[in-house]
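Below: one structure in structure tokens.
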Amino acid sequence: MATIRVQEDVFDPQAEQVALTAGRADIGGVAAFTGLCRADDGLAALVLEHYPGMTERALAEIAAEAERRWPLTGCTVIHRVGRILPGEPIVLVMTASAHRQAALESCAFLIDWLKTRAPFWKREEFPDGTGRWVEARAEDDAAAERWRSP
Amino acid sequence: MATIRVQEDVFDPQAEQVALTAGRADIGGVAAFTGLCRADDGLAALVLEHYPGMTERALAEIAAEAERRWPLTGCTVIHRVGRILPGEPIVLVMTASAHRQAALESCAFLIDWLKTRAPFWKREEFPDGTGRWVEARAEDDAAAERWRSP
Amino acid sequence: MNGMRVLYFAWVRHKIGHSQEDISPPAEVKDIASLMRWLATRSPGHAQAFVQPAHVRAAVNHVFCQPDHPVRPGDEVAFFPPVTGG
Amino acid sequence: MNGMRVLYFAWVRHKIGHSQEDISPPAEVKDIASLMRWLATRSPGHAQAFVQPAHVRAAVNHVFCQPDHPVRPGDEVAFFPPVTGG
């Protein structure tokens, strides 16, 4: 039921929100998180690599887990791959529910789990032509751990 | 620094996100919550009343509190008043930060505090012409209480 | 000026029948609680609006206040139900 | 089919120098850990990629796996650093 997309193109959060809510009057709230590319350390671009085939499966499982835990009317996950410039969006997670807390919590859950459970890798490119693989962060593991089932 | 608006017109979350992020490359994430009008019990419309003068002040104080608690690069709160039809948006809160958790948490904080600390009142209108004032909910008080300073 | 402006919202306004009035309460009206008791004597609608004072919230000069908050000439005082926005 | 397809991503791919290979490991390679040890013998790049096996994650047939997870002929096995999407 969730909408899952991996794409090179920039996405439009508003179009996704319309798709999630059009023609319905049972949705009390839509929560959305857009992750953006920061120009840390003079970054020229991020290059996003993924594991085609596994990525879609991992994202669908994460979305299905959100739908098991919260009463959602819909859920959208879009992740870009390829070359992404500073200021551009990287990822969108959006959830809709009759209830505000379900939308807010599931949105936070989706981005936390996506960061530790979906096969994407970021490489930073700098203006002088050098590059550096981004390292996984302990804070992201800790954020994902909050949502572990008891 | 926050953008605060009380208006009758429908708002455009995407335009607000562009306003919050345009020309910057120091934002890691934007969190947004849109509250929508549900057609509960066959509702025909919601009529939103507020206290002009106090409303703007209350919303500005709530936004300022969010900016004190989290390192935000920007924050937008838009609340509609007047007659709102099922499926239409009522409220938008949007926060931007270098850090994802700051954006997500402050967004949840803003909507929770707004619900208990901004002078808006909802009246439900039904197709038969009857009306009913919406009653405050204990869950909303509990949600706001989570954010009380120690 | 000797008086106060009082505003009413939502069902408090509905019961009283108008949204604002300028009043000059007697000297013994010193806080929100005593102002509510005095307002309740002004009409059957006022009496109904304030029959359960604990169900009514107040603001003085645009700030939410408790029943023991003082009121003074020149204040803008508002009475309303618990808020339900968002 | 007797072999396995192995895929490499991110710096594991960079160190090894290509993104996939079809291999036929000996019978004693029964799990992810022993497959990593065997792959490390194939070239200096492989050796460098697997020098600290705890820094490498694995998936078998598109599912994340621990080092003791079995591998069998016909499996698609992937090696990569901890993920950094989002």
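Quick notes
Letters A, B, C and D mark the chains in the order given here, with residues in each chain numbered from 1 onward.
Here is the rule we go by: contacts are C-beta pairs under 8 Å (C-beta built on N, C-alpha and C of every residue); 3 or more make two chains touch, one makes a residue touch a chain.
Note that the structure is predicted; figures quoted are calculated from it, not measured.
Chains that touch both chain B and chain C are absent from this assembly. Spacing of chain B relative to chain D, judged by their CA centroids, is 49 angstrom. Averaged Cα coordinates give chain C a centre that lies 73 Å from the centre of chain D. Computed centre separation for the pair chain A/chain D is 27 angstrom, with centres defined by C-alpha atoms. Counting only residues that touch two or more partner chains, chain C has 86. Shared contact sites, meaning residues of chain A that touch two or more other chains, fall at 35, 100, 111.
Counting only pairs that meet the touch rule, the chains in contact are A-B, A-D, B-C. Put simply, chain D touches chain A in their complex at residues 7, 9-11, 14, 59, 62-64, 78, 80-86. Contact residues of chain B toward chain C in the complex are 35, 48-51, 53-54, 57-58, 79, 90-91, 111, 114-123, 133-136, 140.
Chain A contributes residues 12-14, 17, 21, 23-39, 86-87, 98, 100-101, 103-104, 107-108, 111, 143 to its touches with chain B in the complex.
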